[in-house]
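Below, chain A partners chain B and then partners chain C, in two separate complexes.
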Partner chain A sequence: MILRPHLDDYKIIGFYLGKITISIGIAMMIPFIIALAYSEWQGAADFLLSISFTLLVGTLFSIICYTRKDLATMHAMSVAALSWIVAMFVSALPLYLSGHYGSYLDASFEAMSGYATTGLSLAIDLDHMASSYNFWRHLIMFMGGQGIVVIALTFLVRGTAGAFRMYVGEARDEKIMPNVVETARFIWLVSMVYLVLGSGALSIAGIWGGLPPLKAIFDSVCIFMAAWDTGGFAPQSQSILFYHNFLFEIITISLMLLGSINFALHYVVWTGNRRELYRNIEIVTLFISIIVTLSITAWGVLEKNVYAGSLPFSSKTFYHLISGHTGTGFSTIYPRQFINEWGALAMFGVTLAMAIGGSVCSTTGAIKVFRIGIIYKALRQEIKKMLIPETAIFVQKIHHIKDIVLEDKYVRISAIILISYVNLYIFGTVAGMLCGYSLSEALFESVSAAANVGLSCGITSPTMPSALKIVYILQMWAGRLEFIAVMVLFGMVIATFRGKR
Partner chain B sequence: MIKTPFRTIWNAVLGISLELVLVYIFIFAGLAICFIWWTVFK
Partner chain C sequence: MSKRTATLTAYSLVLLILFFATNCYAVVWSSNELIEKSKELNGRKLNYRGELVTTSLNRGEYSWINLNDGFNAIGVWCKSSSLRDVKFAGDYKNKGDMIEVNGVFNRACSAHNGELDIHADTIKIVRYGHPVNRTIDTKRIESAIILFVVVFFAVIVFRKRL
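And then the complex of A and B:
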């Protein structure tokens, strides 16, 4: 029996949504300062307006819904799901005011693409976008990758049991440290260390490649945020192709791979358990998956005889495979080249890599290698059970931080998430085909949106049908949150109308 | 997490270095596969 939510339930949700909205308003102060530093007065005015509006909305929510009650699972999941929608609407405001988006829907698409770390973009004339707006796009992506709830946990929310439930609702199911606030802070520590290392390396590569120092540093910070959070936005419309810099490509591949590693794995390796790097089921599965999908993609590209030399063939093929597998979406070719030059087999290889994704509790999207590893082990267990004598007992173990006995509950949840993702991929593919695109185009773009990748074969553009934009927004949202929080939110809406009093 | 600052920093530096080594193993393995495919099937 499902009970109809009480007024207090809505107040708890509203109170925490208010806190999260205030966090976003505070974050907008960074691009505001950048606008002042670059003398972008229009940008400064737009951000001032957006900050005022966002803080006002957040404060109103917090005052009207003020409560001292902690979050139950239903509230936490609903807050996690709703906070991404609220964040999308308020964060789209400065983007819309910039004049680089055809409608508020386009600006909202861009904001959700950023928060979900997808990287699909509907910006018009991105190459001439002012630095403050461009930085905001990348900051949105960085916040989304870290997790909106993680940001709120770091600064504004106490580390209660309810806060942990909210953190879980944001598709982060690993408690790295004993306290969830400490966990959130550790996630920031890892990201800040790599921010310094990654941005520094990219700046040097940029200056070495001929960029003016200020441009090199600005672009490096933006690209770091997009690479580390496996997002895929770039300051230029041609993505990484703009730089024509092999060193840039190698550094971004490294950052993409590092961003796809589980934060819990970072923690154990950084605190002395270094053997975990080659024993962990995620690392092993990721390596095997890259080899398999890369082989399919390479076969497809070779068949089409696109590249004249082994170096461009290897660098382009490997770059896009890693970009897809880690869910980043950086590109060194034009979107239509996937259709016109790479062909169906190579696109299938990249699509498969995108559909699998990186590690759980990382910044990547999609099914995740952990779940693929579990399902493979479960399959192996079933086959072995058939081969050994009936009286023998066979225990299947997996290694993730510690040895874990593979129980049915792990297999069940992995299978549920896998099936949910496959359904989401199909939903977007059908929507794309109904809008007149071919199967391979629609599948590629749908998986890219739902798995939060951002590689495009050319469908995503300001002129695409509005219905498809809404479908992709929903896919990015549900895909990033891994369904559970979204399902609970829908359940709560249904309970509002049909639940027992 | 923090017991002695030196030990903590040393472990973190070693951890980051090994993560970078792992990443470059991935990169070299990937590029090697591409070169092998090119050489064998081109």
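And then the complex of A and C:
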């Protein structure tokens, strides 16, 4: 029997949604300052309007739904799922006002693509976009990668048990530090250290490559945020191709790989345990997965005989494979080149890499190598059980920070999420095919959206059907939150209408 | 065939070839055509025209410029000296110079890490760019101030609830 939620349940959700909305309003002050610094007066006015509106929405939520009660699991999951939708709507406001989007739906698509660290873009005439709006796109991506809830946890919400439930609702389940707020702050610390290092390296490469110093620094910060959070937005319409800079490609590959690694693993390595890098199930699975998908992609590209010489061939293939596998979406070729030049086999290799993704508790999307590793180990365990005598006891272990006995509950949850992702990929593919695209195109774009990658084969554009834009928004949202929070939210909506008092 | 007829035919042929040659040379390809027909156009000398975006990337004797024709921006590798007359690069504050290049199109340039690019022989500024005047929408500023005042008082009055 499902119980209808009480008024207090909605108030708890509304109160925390208000807090999160206020934190987004505060974050908008950064592009507002940038607009003033770059003398972009229209941008400054748009951000002032957006800040006021967002703070008003957040304040109203908090005042009307004021409560001192802590979050239960149902509330926390609903807050996590709903906060991404509210964040999408309010964050789309300055983008829409910029005039670079055909409709509010397009601006919302861009905002969700940023928050979900996808990187698919519907911006029109990006090369003429003001720096403040462009920075906002990247900041959205950075906040989404860290987690909107993580931001609220860091600054506005007390470290209660309910706070941890919200954190879990955002597809983060590792308690790196004893307290969830300390964990959120550690995630920020790691990101800030890499921000300084990564942006510094990119700035030097940019200046060496001919960019004016101010532009080099601005673009480096933006690209760092997109690479570290495996997002894939870029300040220019040509993505990384704009820079014509091999050094840039090498640095972004390193950042993408670092961003795809579990924050818990970052912590362990930072505290001196470097051996973990060779033993961890995620790293081992990621390595094997890269080798397999790279081989398929390389075979496909080789068959098409596009690139003369081993360096162009290997760098193009490796770059896009890593960009896809880590869920980033940076590109150094034009979207249509996937279809016209790479062919079906190479696209399949990249699609497979995108579908697998990076590590759990990182900024990547998709099924994730940890779950693939667990399912592989479980399969091996089942086969071994059949080969050894029935009386023998066989214990399968995995190594993730410490040795863990592979229990059925781990296998079950991994399988559920894997199946959910496969269904989500199929859902988007069918939607794409219904809109008239071929199977390989629709599959590629659907996996890219649902796995929060951002590589495009040309479907994503302002002229694509609105229904498909909505499908991709739903895919990005559900894919980023890994279903549980979204399912709880749907459950709560159903309980509202069909639950017993 | 008489000698006169043969001469006339030869002249006609030469004129025909010249007509097609000059017209083909004048064809300006769009970025979409370059991307879609890259196999067919690979290695051919052609014309492409687009707005210079953001900045030129100086690499010593040569430079990279990115020319956007409204659909995509294409990378062009050219002599740095050929960019001396460039006045504006397109960004938020400026409309960039419209540049036409004539050069060799590469589907996957082996000299430049497999990039789709054009190696320019000649560069011509078709139209100079200009600063863009942007008017500020005062209604947005008024709305922002009103909303901000409302938020400010709401925070003051209900601060214990936040």
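Throughout what follows, the second predicted complex is superposed on the first by the 501 of 501 C-alpha atoms of A that agree within 3 Å, B and C clash if a C-alpha of one lies under 4 Å from a C-alpha of the other, contacts with A are read in each partner's own complex, and residues count from 1 in each chain.
FYI, a contact is a pair of C-beta atoms (placed from the backbone, for glycine too) under 8 Å apart; a residue touches a chain by one contact, two chains touch by 3 or more.
The model shown is predicted, which means the values in this text are computed figures rather than measured ones.
Residue contacts after overlaying the shared chain place A:41 against chain C, while chain B stays out of touching range. Touch criterion met: A:313 reaches chain B and chain C at once.
Of the two partner chains placed by superposition, A:75 touches none, neither chain B nor chain C. Shared-chain residue A:469: touches no atom of chain B or chain C. Of the two partner chains placed by superposition, A:480 touches none, neither chain B nor chain C. Which of chain B and chain C touches more residues of chain A: that partner is C. In the superposition on chain A, A:49 contacts chain C only, with no contact to chain B. Once the two complexes are laid over each other on the shared chain, residue contacts for A:138 go to neither chain B nor chain C.
Within the superposed three-chain model, A:250 lies in touch with chain B and out of touch with chain C [touch as defined at top].
With the contact threshold set out at the top, residues 313, 315 of chain A are in contact with chain B in one structure and with chain C in the other. On the side of chain B, the complex with chain A involves touching residues 1, 8, 11-12, 14-16, 18-20, 22-24, 26-27, 29-31, 33-35, 37-39, 41-42.
On the chain A side of its complex with chain C, the touching residues are 22, 40-42, 45-46, 48-49, 51-53, 55-56, 59-60, 62-63, 66, 97, 127-131, 209-212, 215, 236-238, 241-246, 249, 306-309, 311-313, 315-316, 332-334, 336-337, 340-341. Residue ranges of chain C in contact with chain A, taken from their complex: 35-36, 38-39, 53-59, 63-64, 66, 68, 72-73, 75, 90-92, 107-110, 112-117, 134-137, 140-141, 143-145, 147-148, 150-151, 154-155, 158, 161-162.
Residues 177, 186, 193, 197, 250, 253-254, 257-258, 261, 266, 269-272, 274, 277-278, 283, 287, 290-291, 294-295, 298-299, 302, 310, 313-315, 317-318, 321-322 of chain A are the ones touching chain B in the complex.
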